[in-house]
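Structures are listed in the sections that come next.
The following pair of complexes shares a single chain, chain A, combined with chain B in the former and chain C in the latter.
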Partner chain A sequence: MTAPAEAGTAAQPGNRPASRRPAGSRSGEDPGDGGRGGRRGERRLLRRERRARWDVKLAPYVFVSPFFLVFAVVGMFPLAYTGYLSLYDWDRLAYARGEFIGLDNFRWVLDDPLFTKSLVNTLSIFAMSSIPQVVIAVTVAALLDQQLRGSTFWRISVLLPFVVAPTAAVLIFGTLFSDRSGLVNELLNSVGLEPIRWHVERWWSHAAISSMVNWRWTGYNALIFLAAMQAVPREVYESASLDGAGRVRQLFHITLPMIRPTVIFVIVTTTIGGLQIFTEPRLFDDTAQREGGADHQYMTMTLYVYVKGIEDQFYGRASAAAWLLFLFIITIVLANYAATRWLTRRRAL
Partner chain B sequence: MNRRPGALVYGLLAAFVVGSALPLYWSFMIGSHTRERALDTPPPLLPGGHFLDNAGRVLNTIDFWQAMLNSLIVSTVCATSVVFFSTLAGYSFAKLRFRGSSPLMGFVVMTMAVPTQLAIVPLFILMRDYRLLDTLAAVALPTLVTAFGVFFMRQYLVDAVPDELIEAARMDGCSMIRTFWTVAVPAARPAMAILFLFTFMQVWTDYMWPLVALQKTETLQIALDRLALTGQGQSTDYALLLAGTAMATVPLLVLFVLTGRQLVTGIMQGALKG
Partner chain C sequence: MIKKTSRGISRPGLGVAATLALAMTLAACGGSGGDPGESAEQDTLATGETLTITTFGEFGYDALIEEWNAEHPDVQVEQTKVSLWDDWKNELNTNLQANAGLPDIVAIEGDFMPAIVAAPDRWVDLSDEDVEGRWLEFKQEAATAADGQMLGYPTDAGPEAFCYRADLFEEAGLPSDREEVAKLMTTWDDYYALGEQFTAASDAAWYDSSGSIAQAMLNQVPNPFEREDGTVDVENEGLQEVWATVTANAETLSTRNKQWNPDWEAAFKKDGFATIPCPGWMRSNIRDNQGKLQDGVVWDIADVFPGGGGNWGGSFLAVPKTSTHQGPAQEFLEWLTAPEQQLRVFAELGNFPSQVEALESPELQGTTDPYFNDAPVGEIYINRAEAIDVQPFQGPLYSDILGKFQAAVDRVDEGSATPDESWKTFLADVDSLQ
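Let's turn to the complex of A and B:
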């Protein structure tokens, strides 16, 4: 690609369509008579050729470098710095790094009952949100994967909750699940059930928080599943129907194994997102401290990092907790990956 | 599944859509009633006439317009920057051959899996040291580039720009940057629009990082947070709270109505979560 391009530059500079303006960087050049003999012309030609060669060599690096430079400052450096901070004591009064204390911060965090509690809360909220979410999303996708009238309308409609900011979603659901007069409790009351103290009781609060996560993400994931389902050749279903396999059977034995990479992808992204839930537990709280309920009954790990790091300014401990959360996420992602592979493996009809 | 769907399929889909819309609808209804009426049993399910009163009270409680403007500025800056740098880098990774291109791309993909919000503590220290806390710059900085953006643009440009077109432009004497402007950018436009939309929404709806980086300055999400705090106490003022929520949600709803089709396309092309 390089050589002919350069030859072209040198040989026919005058052929450039008149309508194209020379780019800013080259505006100093004389566009008209580059190749027209004479010593000056030859030297100019050589110079241009050299410049073109450097252009080809350097341009890709110049193009990618802004990304890497900015990312190094706001992405990589803070992550590495988190690791560094986690090994040092932090003097809150002097606002300065203290002495090197090795893994003491990690030990402190692991010994902290609040950390363990937030870990269990995170797992519980994650399980309550991810499992129903994926199941419903697959179902909705299977419904959408047919010759529907107004298919674009349905696809756009299922995405509606996605454009509601999590902040707004929590405030809406926090009201729905209000302990005294919330709509959900009214409904329970009308069918003769006891009202639930959604903001107080640990597992019920997890259910309420999960419901808002599910609400926002199910339609989104359904569309991702739908995209994969549409790539499954229709003939496969036809022959399966001829063999007498019903819809549900087809879903489990044909569709799911065939869209397996997508299922894994959705599970992985849902896991990474689901284990970092912050906005929901923070704003669901109606106590003044807002640390995940009066008894921290729905404090998540990200909220723990925020409270320890930003509010209490234990930078070392918060950094250690952040790293533990990171390890935790990787572990759960790998476990989910293995489980999903096993669940969606190919099986006979 | 091939057969023409029956009424059951439409019924189930309609139930899902109504279920999705219901919380939003209900919050708009509550936001349009008086504070007292909002607490009634059964709760009001039809619009009332007090939305403007409630909106006025919201405007008295928080600096709504300033917060909206701040969100608009930060989201636009981030989305523009992400689209520009991602297109540039994505084009290089997709179409140009250079030493180190595949390990660098591998690095980009790897970093997508690393949750950057784990780094809030060092980012906070960084912003504090450079006296950027409580500025919009601090909010925007971490999202000026995203690994996802580069990945997304690369995936798109691999197929969208034919090599012959690049070669032809080079034959015409275009410099590399000019080839990028005249060949890659026009071809990348649909993907750029989608990336812009997603980045805009991601920054607009973000709550955690502005909460860390800001003190007095407010983005829309932080203003909503403050509204929720003032509403606490003896008996929460749900009408005020949900009127504010509605006001903050409407801009994105408008965006959704205008660009819903593109959002769906973007997600179905394999977009990731923000």
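Let's turn to the complex of A and C:
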């Protein structure tokens, strides 16, 4: 906060045009009276000074504004427009918006057992992906943080799954997890286990989908953790070793507390991503209707929005569901943020 | 550190409030677009510009389009293929919703035609004296709106026969000759009884998927989902009977694979089943999934369909009003759906023509299919087309409800729900479409 202190009495330049600034400002002059002659040079100086001050104050806003402008168009507008559409019925046949029906769509969605089912599916897939993902990522990062031969090779290998296009990856996983002809089941068979019907059994389908998510994101998160870990001063570890702390203890009592902001960042982004999961269940789906399995075993909330909107052509209901998803994610993220802060702080003490 | 974070939030907070206000204003005026029923301004095809057409599955148009392009340097046609109809349907619906992004010509599955006929103002009227009487009457009717506009040109029809694995029949001790097989399945009761007999003597299932057999039976129900006035009624006797029969036999006779999924495709090569309802176009699916005939595999076609005849599928080509080249599009379609062209598709791929003249051609009548044990496919499918005595009534929601019905059958087939549970979900799904 540099600008306000310097601005002094000239506060809030944005609120009024400079030329009508009242007397008693820092220059002690009243430019509004239209001074002439010898005062012209002074005025020019004044203008330049003012411009410089404006520059300092406005420049940061101008520099960040592209983000907010783009965000307004691709973020805020859709958000608001979705809210607007959620209040309308839909005339499917005519492909047109129907009548204003207030909050009926929200009521409809909340009453829909399918919505509840998709909510449970989302939470289940989220738990099966996010938790192992963060735990494994921290472990991998801690291992990569040691003195390894060919460390670049290991780091790049960890990131490789992230480079593969998700669609391609899911198609491959989909074949691996085929109910009858899949490789995973062939393997299970060869060690004498019963094959699993990955697209039929609800919780197994979540496990299969989570494995795709984990495969893709663990390495990426590990590298973020690694970057943070490398900023931890080595002397701290040295003295900890001298005090007799083992590797595991160092991880929990030095590394994790010291990379707390990174942990929070990763957990928040993973939460948002995990709750919005779409590509994996959508492409994993082997039914023609694409509704997250014939019995909606793996229909996530985003898939629900997709089915209600794109497939069933009720954009009002889809918009209502999208808004509910939005509120739901915000709640979870805030809860998660609070929990993570609390947990890592206690560790630090 | 805490301070820094909280400041970081408050500033965008202001921005959020401001943009929200802006977005609200934008949203308020966002609803009113131009009239979607109005035709786009017409334009000539510039050099390098092409007439675009999107088809699904395999229409067999590659060679034909190439030929057209060679003869018409001014009207170059470019085809996009989507593999599954259901996926293309979603994209089509989305584009119609946005009233933008559609190609000049779209392929439409027959089941979806009623929805288009019910809301005709997005489509170009293609009626033309030159093509009058070109198609089978029921096909022409399916594409004609109440006010007489013709909204699509029929491509093929789907009279159903039964394709079967003669080698598996033989192994199970059943007659394998196509004429004898035909005599054994003239009614559905006979067909299911034969299935019991077959599965008792074989490891293979009787049919490819409960979904496909349900679809085949459904094509003989006069009012499967809707009454004549278009109101939805799924709790009718005809549908109940199909449902009860199919779900009761799922465990014993079906492969319990969902149609079109990878396991269903793999079942062809693995001797997974012995029979499959077989409209003309199904033959190319069999050929693709089975691959080269080896290890004694023999496919054959029986000139029979239990319970009379039935039509499964057959598509249409339509021109949306958003197209800026409606004239050339119609010209191209008149050529493409002409009997000569569709006969070539039949010879190459098996899609059975819906053009009267094509059906009378001696060329078609004499066609045999070497892949299917030299079955006289021309003759068989002409007979099957003549045997069709029921055209199910299809209202505007037919295609959507059919999707939900297939999911219901799939649930029972895969064992994720009992028939009763699945039926309840189906009723709820149908409700949610209204």
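As a working rule, the second predicted complex is superposed on the first by the 267 of 349 C-alpha atoms of A that agree within 3 Å, B and C clash if a C-alpha of one lies under 4 Å from a C-alpha of the other, contacts with A are read in each partner's own complex, and residues count from 1 in each chain.
Quick note on the criterion: a contact is a pair of C-beta atoms (placed from the backbone, for glycine too) under 8 Å apart; a residue touches a chain by one contact, two chains touch by 3 or more.
All values reported here derive from a predicted model rather than from experimental measurement.
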{"item": "Which superposed partner A:167 touches (first chain B, second chain C, both, neither)", "value": "first"}
{"item": "Chain B versus chain C, judged by how many residues of chain A each one touches", "value": "B"}
{"item": "Which of chain B and chain C A:312 touches, first, second, both or neither", "value": "second"}
{"item": "Partner chain in contact with A:56 - chain B first, chain C second, else both or neither", "value": "first"}
{"item": "Touched partner set for A:200, first chain B, second chain C, both or neither", "value": "second"}
{"item": "Contacts of A:113 with chain B and chain C, given as first, second, both or neither", "value": "second"}
{"item": "Residues of chain A at both interfaces, chain B in one complex, chain C in the other", "value": "1, 68, 71, 76-77, 79, 81, 175, 178, 181, 286, 288, 310, 315"}
{"item": "Chain C contact footprint on chain A (complex, rising order)", "value": "1, 68, 71-72, 76-77, 79-81, 83-84, 92-97, 112-114, 174-175, 178-181, 197, 199-202, 286-291, 293-295, 297, 310-313, 315"}
{"item": "Interface residues, chain A side, partner chain B - complex", "value": "1, 4-5, 8-9, 12-13, 15-17, 20, 23, 25-26, 52, 55-57, 59-61, 63-64, 66-68, 70-71, 74-79, 81-82, 85, 136, 140, 142-148, 152, 154-169, 171-173, 175-176, 178, 181, 183, 186, 215, 217, 219-220, 223-224, 226-227, 234, 237-238, 241, 247, 250, 269-270, 272-273, 276, 278-279, 282-283, 286, 288, 302, 305-306, 309-310, 315, 318-319, 322-323, 325-326, 329, 333"}
{"item": "Chain C residues within the chain A interface of the complex", "value": "7, 12, 15-16, 19-20, 22-24, 26-28, 30-31, 36, 84, 86-87, 90, 93-94, 96-97, 99, 115, 118-119, 122, 257-263, 266-267, 270, 396, 400, 403-404, 406-408, 410-411, 413-417, 422, 425, 428, 432-433"}
{"item": "Residues of chain B touching chain A in the complex", "value": "1-5, 9-10, 12-13, 16-17, 20-21, 23-24, 26-27, 30, 39, 41-43, 85-86, 88-89, 91-93, 96-98, 101, 104, 108, 111, 113-126, 141-142, 144-145, 147, 150, 163, 166-167, 170-178, 180-182, 201, 204-205, 207-208, 211-212, 220-221, 224-225, 228, 232, 236, 238, 241-242, 245, 248-249, 252-253, 255-256, 260-261, 263-264, 267-270, 272-273"}
